[in-house]
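Shown next, in structure tokens, is the structure this report addresses.
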Amino acid sequence: MSINIEGFIKSKGFLASVDNYKDAGTVLAGIPFDATTSFRPGARWGPQAIRNVSEVLEEYSPYLKRDLAKVPFYDAGDLDLLPGRVEENLKLMEKAADVILKDNKKPIFLGGEHLVSYPLIRAVYRHYPDLLVLHFDAHADLREDYLGEKLSHATVMRLVAEAIGPGNIYQFGIRSGTWGEFAYGQEETNFFMDEILSPLEKLVPYLSNFPLYISLDIDVLDPAYAPGTGTPESGGCTPQEIFKVIQLLKDANVVAFDLVEVCPAYDQSDLTAVLAAKIVREAILAWG
Amino acid sequence: MSINIEGFIKSKGFLASVDNYKDAGTVLAGIPFDATTSFRPGARWGPQAIRNVSEVLEEYSPYLKRDLAKVPFYDAGDLDLLPGRVEENLKLMEKAADVILKDNKKPIFLGGEHLVSYPLIRAVYRHYPDLLVLHFDAHADLREDYLGEKLSHATVMRLVAEAIGPGNIYQFGIRSGTWGEFAYGQEETNFFMDEILSPLEKLVPYLSNFPLYISLDIDVLDPAYAPGTGTPESGGCTPQEIFKVIQLLKDANVVAFDLVEVCPAYDQSDLTAVLAAKIVREAILAWG
Amino acid sequence: MSINIEGFIKSKGFLASVDNYKDAGTVLAGIPFDATTSFRPGARWGPQAIRNVSEVLEEYSPYLKRDLAKVPFYDAGDLDLLPGRVEENLKLMEKAADVILKDNKKPIFLGGEHLVSYPLIRAVYRHYPDLLVLHFDAHADLREDYLGEKLSHATVMRLVAEAIGPGNIYQFGIRSGTWGEFAYGQEETNFFMDEILSPLEKLVPYLSNFPLYISLDIDVLDPAYAPGTGTPESGGCTPQEIFKVIQLLKDANVVAFDLVEVCPAYDQSDLTAVLAAKIVREAILAWG
Amino acid sequence: MSINIEGFIKSKGFLASVDNYKDAGTVLAGIPFDATTSFRPGARWGPQAIRNVSEVLEEYSPYLKRDLAKVPFYDAGDLDLLPGRVEENLKLMEKAADVILKDNKKPIFLGGEHLVSYPLIRAVYRHYPDLLVLHFDAHADLREDYLGEKLSHATVMRLVAEAIGPGNIYQFGIRSGTWGEFAYGQEETNFFMDEILSPLEKLVPYLSNFPLYISLDIDVLDPAYAPGTGTPESGGCTPQEIFKVIQLLKDANVVAFDLVEVCPAYDQSDLTAVLAAKIVREAILAWG
Amino acid sequence: MSINIEGFIKSKGFLASVDNYKDAGTVLAGIPFDATTSFRPGARWGPQAIRNVSEVLEEYSPYLKRDLAKVPFYDAGDLDLLPGRVEENLKLMEKAADVILKDNKKPIFLGGEHLVSYPLIRAVYRHYPDLLVLHFDAHADLREDYLGEKLSHATVMRLVAEAIGPGNIYQFGIRSGTWGEFAYGQEETNFFMDEILSPLEKLVPYLSNFPLYISLDIDVLDPAYAPGTGTPESGGCTPQEIFKVIQLLKDANVVAFDLVEVCPAYDQSDLTAVLAAKIVREAILAWG
Amino acid sequence: MSINIEGFIKSKGFLASVDNYKDAGTVLAGIPFDATTSFRPGARWGPQAIRNVSEVLEEYSPYLKRDLAKVPFYDAGDLDLLPGRVEENLKLMEKAADVILKDNKKPIFLGGEHLVSYPLIRAVYRHYPDLLVLHFDAHADLREDYLGEKLSHATVMRLVAEAIGPGNIYQFGIRSGTWGEFAYGQEETNFFMDEILSPLEKLVPYLSNFPLYISLDIDVLDPAYAPGTGTPESGGCTPQEIFKVIQLLKDANVVAFDLVEVCPAYDQSDLTAVLAAKIVREAILAWG
């Protein structure tokens, strides 16, 4: 018997998800939204693709030495959204995140384009006012507006900066942006161009004092590992580096996680979804 | 030397297009817009794909016995749009169509999703108040709203009906819609389910008395012929039927034409673009 | 709240499926099995692909003038099978069909390779001893064995013939087989090479006197319409012919239906799944 | 034990080919050449793709009621060519055809681009001075030169016309060409635009008096059926029409056959190769 | 003149293979078998894909400074198997390996799924009772059974362990398995999680004292390098590491080698086959 | 207003290209030529693919801290070539390069197959008699002839060696060739097998004294990063290494640059074009 959360459409459950919302400490929630993607749209199909391939994985992680059998999580399916209406949809996302948090569950979100992180972080921030955001991405996403538009996957971290303060954002692996974004990042946020592991290792002790929201844009990885994404940017990191990120933070207080910008139409081999599913498994095992 | 129309980004010209806007009686204009697509987005890449493959064609049509060498047309490139802003973009489209019409050129538009037809038809209607619209599509596109949204590729013909009167719309080949759309179509518009050539043949003498706008959604064809589209619907017509439509109407007063919903990401073989390019060539030769 | 049938893994529900098994008169059941495919394996992924694309369709059929809103059906998900064990899996299928029939539900099965029809027909036959089987396929599937193997997608109709008598089988559209299969078919079953509609039209009055099981191998359609299949065979029928088959039989006593051999890995455009989903919608509306 | 013809590289044999050249009355020969393709190159990979999928077929043809078991044929593999050297390669092809004919075998050639037909027809013409050529194609291929080049896949039938006289050429299904090509075809060759079966049916009695060379460009079929080709042209014929062509001519004196322009890189589903393989099987059964 | 081994179907020969079995010290043998693959089937097409692309390679290896011209090897083609019959096929494989070994040839096997290694290793083990097995894989393949099935690509190394003793197995690069498999591996076999080169470098002197069987599952490489495989697992090694493995072992007594799990349907770019072909060339040059 | 260079066909401009040839110090020129490719043809479509995806990039490079807004460059479009005529086309290329150089513009060429570098280097060499050529490639390209043919993508660096002296060529990253090519390279050119950055770092001070032509074959990268290429060779470098090459040489006197062998038909995800576009952006920013 499975009871679904209001506003969600039930899907095939991610590998080893439990049927009972009540018993679960962690909730997986798909946010099948893409509306502001500038280049290749289609990230709305990300959550479905990730679930569909998840059974290729084992439930046990040899990196974390933990097993999904010991971490009951519930897969809520995909949020039921309205085609073409950005602001109304952002409100639905924020509300959905709020419901999960109020039920004392830890949310793991599957995008969708990166703009979804804005309402999700807002909801989490209300529950955790000392929240820090860790942002892994090829793109700085720090524009004030994108061709006049404030709400965009290219402005999402600037919006977050305005909401929680730029000093509470840590950006890793960034290798693309305007001159202005790099200037803003280097002055205002905690900004690491191209680098991931070496700055993170130093920061772990400090970061462990705060509730953390981790937002991972799959394009932080090189397109060779993640071809199915909307704005591929050559020169990215490897899967091993991301698995290491999760290991470094496995004892941190990660209160929410999102993985965004998986766009399966551009990946005939489904590599991107397979990688994303493994990252999600590790995230559940580390923080669920 | 090529002079571009303001607001357009110049592209590789469609097969045999001339460099000089002034000399051209016909103008090809790409409208790379998709924002309300409910299923598979990406029709914004349609115009580029159609141009890129157009050189596979000969400039001469054995169906029409005419040659592009005798029909100078200008390819304006793609309208410069703003990601994610529906209403503002519809205004840009309407204005662009208006400019072309004021210059006494005949416009041929390449979508983009079907919603683009609404502002384009509005602009043409202002110039031709006795305009009739011929609509070839798998879908009725007659919803009042789509999940609450008035501006959608699923409502476009209802919007047109409200603008020019449903009795001035002729719909051919429709094989998908809600019960309500079929009821509305059968009562209000000139509505032909599944059928194309037999009703059209009878109507040609009457239609020839009016200025005509033809809107062709590529999904009127069976997905076998046009796999690269956002909402494929099995059971459609053949390319030969569409070429025959153009021949039947070759002496009609077609004042504008659009071809929409080519979504190349779902067509590794580029069949859809090759077919669309041939339809565009025929349209230029018939009505340019 | 959704209650699942034992032995099934719940999936995203097919378009408009209801959450409650009890209220449903019809049950959709995925049989994700391929083990004996001789050429291109992968039909196990058919049910998932068909469900995933089903939302491209409207719930209303203009062919049948019926709406899924009026035909409550339950999507049981996919039968939980054991990799590599043919006989054991066939027993699981037969048992699952039996459970659905005992609950007085009408089953619609999504394959999977064609061998799945054998246990399914056996189960239905036990409930309807005067059962006739209508078989739409490119291949006769009448071999006595395939390279020594009795249980194969190439022998399935011979197995059925042995179970229910060859005279109770009607085969339409067959265009591939050994000399021996054609000889057997022409002598023993009701066998129509290449033809579908003209023989069916004549048979409808007779067939209407019996409970019917319809087994549709997607490769009866030309590979242009259904490229995603294991053993494509050029020269097949069109989607319109299949939709017409369903209309011809819409008042017949169809007690079970299966659609098999959708193999999505060979169809980057998902045409096959889109077509299959439409056939399934029509089947539910006609016989559900 | 298999003995190969000099100059050929042995490949996996086409379905049911025999190992012994001596016993075979028919010889299959791949000509993996593409050098003058104007649009999408890659037809050099056609023969390999056709052989690789041939095992999807049965050895028995229900259309012709014949079986490959009764028609021993030898698959010589692919002619060993020199990258980038057009004239030298044409000589190799002519010589290879000559060897097969001198051994009193009937050749069936797998292209490669259409230019290969020129040397092959020259060789056959020397053996059969009253040869007629039947040409099935979307394109007239009657240019005098293509951008200054005499040897091209766009000039091949003009070259043949110069070699054997235009009146000895019969062209079927043509739907693309320059004005000049259509004028030349309609005046000089036996030219049937778009049409195939109706003119052929009338011609069969006359054609049966002569040795025939049949050259079939796969693009005579609609791209829906044959997406994997270099210059797809919408609006073509169906597989059934081609199978009917072979049945109509099954008692004619077809002394050589070529099937050209299969370009597998543009066909992820391998439909084109599957169709080509079936045409080849029918050709062997009809004329081998 | 080429003489084939009984039970094999001759294919296009791998790059530079010789025509004469007698002259060859090494034999390439395709094992086109997949029956127990749990996720994406199709590895049966691996050998054909690897041969088809092999000509992209040079015959000379700059890593090993050796040339295939100096290492005559024979390509036997693909073993002729029976669809759907696991145990009978395993026997055919074991027998085929035995024939090659009895002829004093060194076998190089191309899978096929990983289960094929079991009968192959059994045959080799009979000839070399002090055999050690080196296993490169993403997956431990050490399950006792897979959903009740003993014979599976997920149990293959456990079966081997039972046959030759777990202490004679060396496993490298493993990054996926159940808790139980990791426990067994760490206790019973020589097991290196994620690591390849550093443990191997230390072991080379010891391993050089024994006859070695190397079994390489292509999924030991990251899916970015080898997308065409049945159970892709992110986070793998690079091609350079595998080439280095071969160099480290080039003077070892490698008596047999297999490369398995290339599944070309999931790799539109054929990267996996190109990589596999290069590994095979290096293997022939190192150990042939 | 845009004025085009004679002999070029105007295309969609690469990201941020200016409309005015006069104002530009750098000229981008497409050379859509492939005629001698031995394995997978189609590099003629490289320039179009690279331009089409270029808008995924930002105009600012965080590696070089420069912005295209400050480096006005003109995109001339594609050179108008003649299908199938190698020598005539090479002359057109040499002439086009000469025109750009005489206008005192710095040329950046987009291939096309690697043979295009030969006429381009000849033209540049006439303007810079002390020219050194830096060659980044998987293949040595040093054959004297390829199956008898002097003009080939496999002989291009040997031709260059004969034109400018082998001692003036620096080859990096080479991992494929015949024994003879490696011997010639190691004796005559400055030849670095597999290595790129470590030898380059040492050479930079010396190289900075000379005008440099950089020729980059995209297959120097591993096929995981650049699957869309004609002769993929596993085991290559990463994008980061290439970006580093450009940074190392950013103050060198690079007088011309070409990027060749992008073949988009084999890359459904367009990774190769996205990577190539980024390399081109870096090249313009470093040397434009």
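For clarity, chains are labelled A, B, C, D, E and F in written order, and residue numbers in each chain start from 1.
To be clear about the criterion, a residue touches a chain if its C-beta (ideal position, glycine included) is under 8 Å from a C-beta of that chain, and two chains touch if they have at least 3 such contacts.
Source: prediction; values computed, not measured.
Enquirer: Where the contacts of chain E and chain F overlap, which chains show up?
Expert: A, D
Enquirer: Tell me, please, which chain's centre (mean of its C-alpha atoms) is farthest from the centre of chain E?
Expert: It is B.
Enquirer: If you take the mean of the Cα atoms for each chain, which one ends up farthest from chain A?
Expert: Result for max centroid distance from chain A is chain D.
Enquirer: Looking at chain D with chain F, do both copies bring the same residues to the contact (over half shared) or different ones?
Expert: same
Enquirer: Quick check: superposing chain C onto chain E on C-alpha atoms, how many degrees is the rotation, to the nearest 5?
Expert: Going from chain C to chain E via C-alpha fit gives 180 degrees.
Enquirer: Which of D-F, C-E or B-D has the same interface as E-F, meaning more than half of the contact pairs match by residue number?
Expert: Repeat of the E-F interface: B-D.
Enquirer: Can you work out the whole-Å distance between the CA centroids of chain D and chain E?
Expert: 40
Enquirer: Out of chain D, which residues touch more than one other chain, so two or more?
Expert: Only 40, 222, 224, 266, 268 qualify.
Enquirer: Mind listing each pair of touching chains for me?
Expert: A-B, A-C, A-E, A-F, B-C, B-D, B-F, C-D, C-E, D-E, D-F, E-F
Enquirer: Touching residues of chain A toward chain C in the complex: what are they?
Expert: Contact set of chain A toward chain C: 1-4, 9-13, 48, 52, 77, 268.
Enquirer: Tell me, which parts of chain C touch chain E in their complex?
Expert: 34-38, 40-42, 44, 82-86, 146-149, 151-152, 265-266, 268
Enquirer: Mind pulling up the chain F residues that touch chain A in the complex?
Expert: Answer in residue numbers: 55-60, 62-63, 67, 222, 224-225, 238-240, 243, 268-271, 274-275, 278.
Enquirer: Could you pull out which chain D residues touch chain B in their complex?
Expert: Going by the criterion above, the answer is residues 39-40, 174-179, 182, 193-194, 222-224, 227-228, 231-235, 266-268.
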